[in-house]
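Each of the next two complexes has subunit A plus one more chain, namely subunit B in the first and subunit C in the second.
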Partner chain A sequence: MKIADRPIADRRCFAPRRSVFVVVLLVAAGNVIVGQRPEALPIKIGFIAPLSGPNAQNGRDILNGFLLYLQEIGSGVDGRRIDVIIEDDEAIPAVGLTKTRKLVERDKVHLMAGALLSSTGYALAPYIDAMRIPMLYPVVSADDLTQRRRSKWIVRTGYSGSQPNHAFGEYAYHTLGLKKVATIALDYAFGWESVGGFQRTFEAEGGLVAQKIWCPVFVHDFAPYLAQIPRDVDAVYALFLGRSALQFMRQYQEFGLKQRVRLIGAGTTTDEHVLPFMGDEALGVVTALHYTAALDTPANRKFVAAYRARYNRVPSYYSESMYTGAKWLVTAVEVVHGNVEDSATLVDALRHVKLTDAPRGPLELDDYGNPIENVYIRRVERVNGQLQNTVIETIPRVSQFWKYNPADYLKQPLYARR
Partner chain B sequence: MKAVPFVAVILVMLIAGPPFLASYWVGLLTQMLIFALLAMSLDVLLGYTGLPSLGHAGFFGVAAYAVAVLSTTYHAGFWTCVMSGILIGTLLSTLLGLLVSHVRDVYFLMITLASGMVLWGLSYRWIPVTGGDNGISGIPRLDAHAGLPFAGPVAFYYVTLLVFVVSASLLALLVSSPFGFTLRGIRENELRMKSLGFNTWLHCWVSYIIAGAFASVSGVVWAYYNGFVSPTYLDLTASSELFLMVTLGGPGTLVGPVIGAGAIVLLKNVISAYTQRWPLILGTFYIITMFGAPQGLWNLGRRRRASS
Partner chain C sequence: MIYIITQFLNGLFSAALLFLIAGGLTLVFGVMRIVNIAHGSFYMLGVYVAYTVIARTDSLLLGTIAAVLLVAAVGLAVERLFLRRFASRPLPQMMMTMGFALVFRDAAFMIWGGDPFTLPYPALLAGSVETRDIVFPAYRLFVMLVAAVVGLLLWVLNEHTLIGAKLRATVDDPEMAAATGINVALVSGGVFAAGAALAAFGGVMGGPILGGYAGMDLDLLPLAFVVVIIGGMGSLKGALVGSIAVGLIDNFGKALVPELSYFTLFAPMVIVLAIKPTGLYGRG
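Entry: the complex of A and B
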């Protein structure tokens, strides 16, 4: 019987709050004319990410970046304090949706941010659209979210899975001089899209992807997959993250492959969320991503130092994603003068933010809602005893469509397993 | 029959309460009802027939996928989706039932575990149809698809409540019928039932089909509630959480699984709003319940009443 008592009690204390909310809206509307600031009620931002389960570390990195930026700006925006309400989506799409419903309907957040997995990203989109709540995806990289299945209310400040790999495919052929490559990657959408992007530009230049090996996401032993790698390729392209990245690197060396076949890969394979736990087996691996903690710019040096000071670890691209994401949100809120209650204007502002001093470099959105940003080709090196992703080439202003015409690009199917 | 006043009070609250609740709580209540129905269907196997199934979320998921695929890829109508969802889930349990109803105990556990994993693998790897890891989103809203004159969470809640009450009544009828008593007989002593001339294999098979059918019903409602499907609906975690709902609430009763499902859905959502360490609290709660009420929460209450 407790089950039904609680909600009734909640409703009672909630009813007046709603009327306050309406009053605030009216006051805000009046203020636009008078030119005054709206009432100093807090701006409520809902945040979801996996904070338990196997993806918890990535979720925590995202959250850490978010909190670090909010700490830096301190007082809030336009006199309004920022309240963040944090929920754990357990990396399960249905849970993510339930938590988002809670944040939107019960906590009445003004905007949403977060999510890690593509599946969660897709699952939330219809609800976000129906509720007309602006949401920022700092990490979710599923290509189609800004391509064939776009949403008006979702703004992506991360990247699309194939985006850095388009650039990397061309670079691998011309600069690294590779002609024949085998790929080994996690068997899910992120893997297919990354490998697909790499293969497209690599083969367009004249290269050949000789074999594509897919490992289940919960792979425990890479031996059967490493045995399939052909010995006559110039390089192996690997896409892993988290535990699988650590284990893959170790087994690649143990199999004696490291000395014989060069290793390249997607950025997550050597991202800073796993790099500190790797050893010499990671040295020399070349990968592409839109961020590296070793990026030598004033904005990034400042970010890395602040992050290290607060969390005592090197930031990963996940950490940077929501640091920049928070900066993005705050910039948009400043544009609308803190008037976050008008979600249509807010989402418009969110789409037109341009950042020049983000840790990763400059970024802005294309017409389809995906960032145009630098892609860094990075090589793992040991500097002062620590491994880092040293930038060996910067490819500026890369779009999700690479050099292709967006309309033609969208006529082709999404990268799949094949 | 001691449950009657309790059930009546709960039912009145379930019918009268929601218009006065905030939409978030209505949504949570809807979830509770869907999982309560699913847990009850598992209880027919686990509690009444004594068959511990670890792949039960499979039927739930398959029915949800059927709705998703038909409504998005084929733009099928509402009743086609609903009926196909239930039918496909039931057919699947009929086929799998042929395999599993010959075995008992740990072997039953292993085979249902395996079949559940196969169904999960299918949803994950049959990408052209299921969309793989990303799942399928864009299932039409119930009111739009079914042509209901009412929209919103409260309307959806009442549809769910109707489905729940009808299904629960059918299940109550089933377990109190001679067939239901035969199932209990099989649970207690299968050899004796055999020697009394009962075809125990057939009874187990039919109970497996019935459990699958009601799981499919809840899967259909879940697909419409969320508007998307993903492989996590039918993975091992989902099946084992379901198992927990039944054992926690009280297997061998119909009210028990409802309490178990309600408690778990509520606790997960309420505790996690306050602390990031919620899995720890939930785990502690499970262990305490298992020690304090090994027969489930509902049976604990009943025994007390009987002794006083």
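Entry: the complex of A and C
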């Protein structure tokens, strides 16, 4: 049993000792079972995510959600204990592929889960398909993974980049009453797809995206871009994440824009992975995503309380992604009665899981392997001194194709920069 | 017009921050011929130390002082205990600073985790200055002022004090300087510590706007190198001119032709190198 190739130590957030402890507990419980039924070998799940480098905290959130769920189910599935083998993909696609090869070929895992960046997601797909190993992507959101470049062996339980934004574009026009919007976003596929999704439905309803500003991902001073925002728009739609979200939000206020032009955006801009580090500059920002830690349902309240108790921080959508992802995997394994060696049956089971009580709400896959799930319109508010994404509207059962016919939708090109 | 003035001011702000960071880099290279890859780590450590101290004491001033002193001490230790062993051997020294960059990066991650943060604004400078249609943040103007003062102090120190004279002697000819009784090792250690302290100070100054985050150590380093290469390695005047050039070009480049922001950043460097390989104020 190995938890990772390199020691994971992050005093504040990760609580390494406890994590190791949990896995040891699983092993102990498993051993007892093995003692009774010597034929029951462990189910091996390979996990990759960036656990070092600039994206490490997101990777840890994903892993934390995973470990939390495994702790909750305790003794394994159908008499087989679960072994998780964790690898750091360093947010580099080539490293992710090498580590995945190692997990599949040397560790002989039965199924794979993880990956954060779309680039890694695309890099793994041909290999996963060639090796016929079922893999669950909890986060990777590149539209085409479940659209024009589908994989038989990959199941996505997260979302496609444009998915919440389709819903948001319509909402922004009708409910927020916006007619003219400028967008400012990170200049890569995730930005293009999110902005593209928003623009499509917003303009279909009669709105106008007056200007699209793209910031290279390495930018940290947004001043040259902020100066380009036209003053005559009803709102600015922003897509950032991590430190860029923090910096953007600060600088938007710094240049006096917050008082003048309303700010809306993609869910990551105010997601809980960065929201606790923001100040009043984030108040009132309206965004759309399939999860918020402030979602007031029994399942989510329970999840947030357990997550806070164990990691001493509020869960982000990354945390929830692999908590639900783990639940998804375990449900599928139960359906095949722990027979994970039959990967074709397993992947079929993975495609037909339906969860009704995930923290984010109900979800199931469409025919293309992408979840149909609620999209929440959230507004940043301060409650008991803490910033949170309060749900102001729930748009139920949103598909990646929105209200369009999938076949027609797929004839359109992928959302791009222009 | 408003647009151009705003972008011009933005450019000067970038230049101010770049100058604080590149100034230390060029000093260290001038005296010790070390291409210090760990310079970005000192910049990062400055923000992180300040963040910790400010969180405990609520004092920006204390945070800044602690960051500058602590990072200077770290710089001194790196020079005394490690780099000194490879004196006058640029390649092993560079590899060693590269190793330190990785060590500091992982150490920062273990100690502070991977979450981004920003430092608070000084209370007096939180707002923005508004004249007619131009809105410009007061804090950015303050950073420009501070960088100008630091530049002036460095110039006075370099040109009009005995320390400066020794420094210049060491830059020009370390062996001859040693022969005249200058303690070259001491000068080197002091300069390396001062360079680290300047980087840390730059980090703290940028803290309210740029903050601290995993990976910031290698974010600004390429820009600082571009500044130093344009200005001439080892020249303080070069660092000043280089910062202003890079700050303005980078800002106007991003604003006017965003698709070419890397090109507009590196093209001036290539042109300068083609015409004057030692940089604008560098000596061969």
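Note that the second predicted complex is superposed on the first by the 380 of 418 C-alpha atoms of A that agree within 3 Å, B and C clash if a C-alpha of one lies under 4 Å from a C-alpha of the other, contacts with A are read in each partner's own complex, and residues count from 1 in each chain.
As a working rule, a contact is a pair of C-beta atoms (placed from the backbone, for glycine too) under 8 Å apart; a residue touches a chain by one contact, two chains touch by 3 or more.
What you see is a predicted model; the values in this text were computed from it and never measured.
Residue contacts after overlaying the shared chain place A:L97 against subunit B, while subunit C stays out of touching range. Using the contact criterion defined above for the overlaid structures, shared-chain residue A:A125 touches subunit B, although it does not reach subunit C. In the superposition on chain A, A:Q247 contacts subunit C only, with no contact to subunit B.
With both structures placed on the common chain, the touch criterion links A:A227 to subunit C but leaves subunit B unconnected.
Contacts of A:W214 after superposition on the shared chain: subunit C is touched, whereas subunit B is not. In the overlay built on the shared chain, the residue A:S52 is in contact with subunit B and with subunit C. Counting contacts as defined above, subunit A residues 10-11, 14, 52 meet subunit B in one complex and subunit C in the other. Interface residues of subunit A, counted against subunit C in their complex, comprise 9-14, 52-57, 60, 187, 213-216, 218-221, 223-225, 227-228, 242-243, 246-247, 250-251, 254-256, 273-274, 277. Across the interface of their complex, subunit B is touched by residues 1, 3-4, 6-8, 10-11, 14, 51-52, 86-88, 92-94, 97-99, 101-102, 105-106, 118-119, 122-123, 125-127, 142, 188-189, 217, 416-417 of subunit A. Against subunit A, in their complex, subunit B makes its touches with residues 9-10, 13-14, 17, 20-25, 27-29, 31-32, 127, 132-135, 137-138, 226-228, 230-233, 237, 262, 266, 269, 272-273, 276, 278-279.
Of all residues in subunit C, only 3, 6-7, 10, 13-14, 106, 109-118, 128, 130, 135-137, 139-140, 208-211, 213-216, 219-220, 251-252, 254-255, 258, 261-262 touch subunit A in the complex they form.
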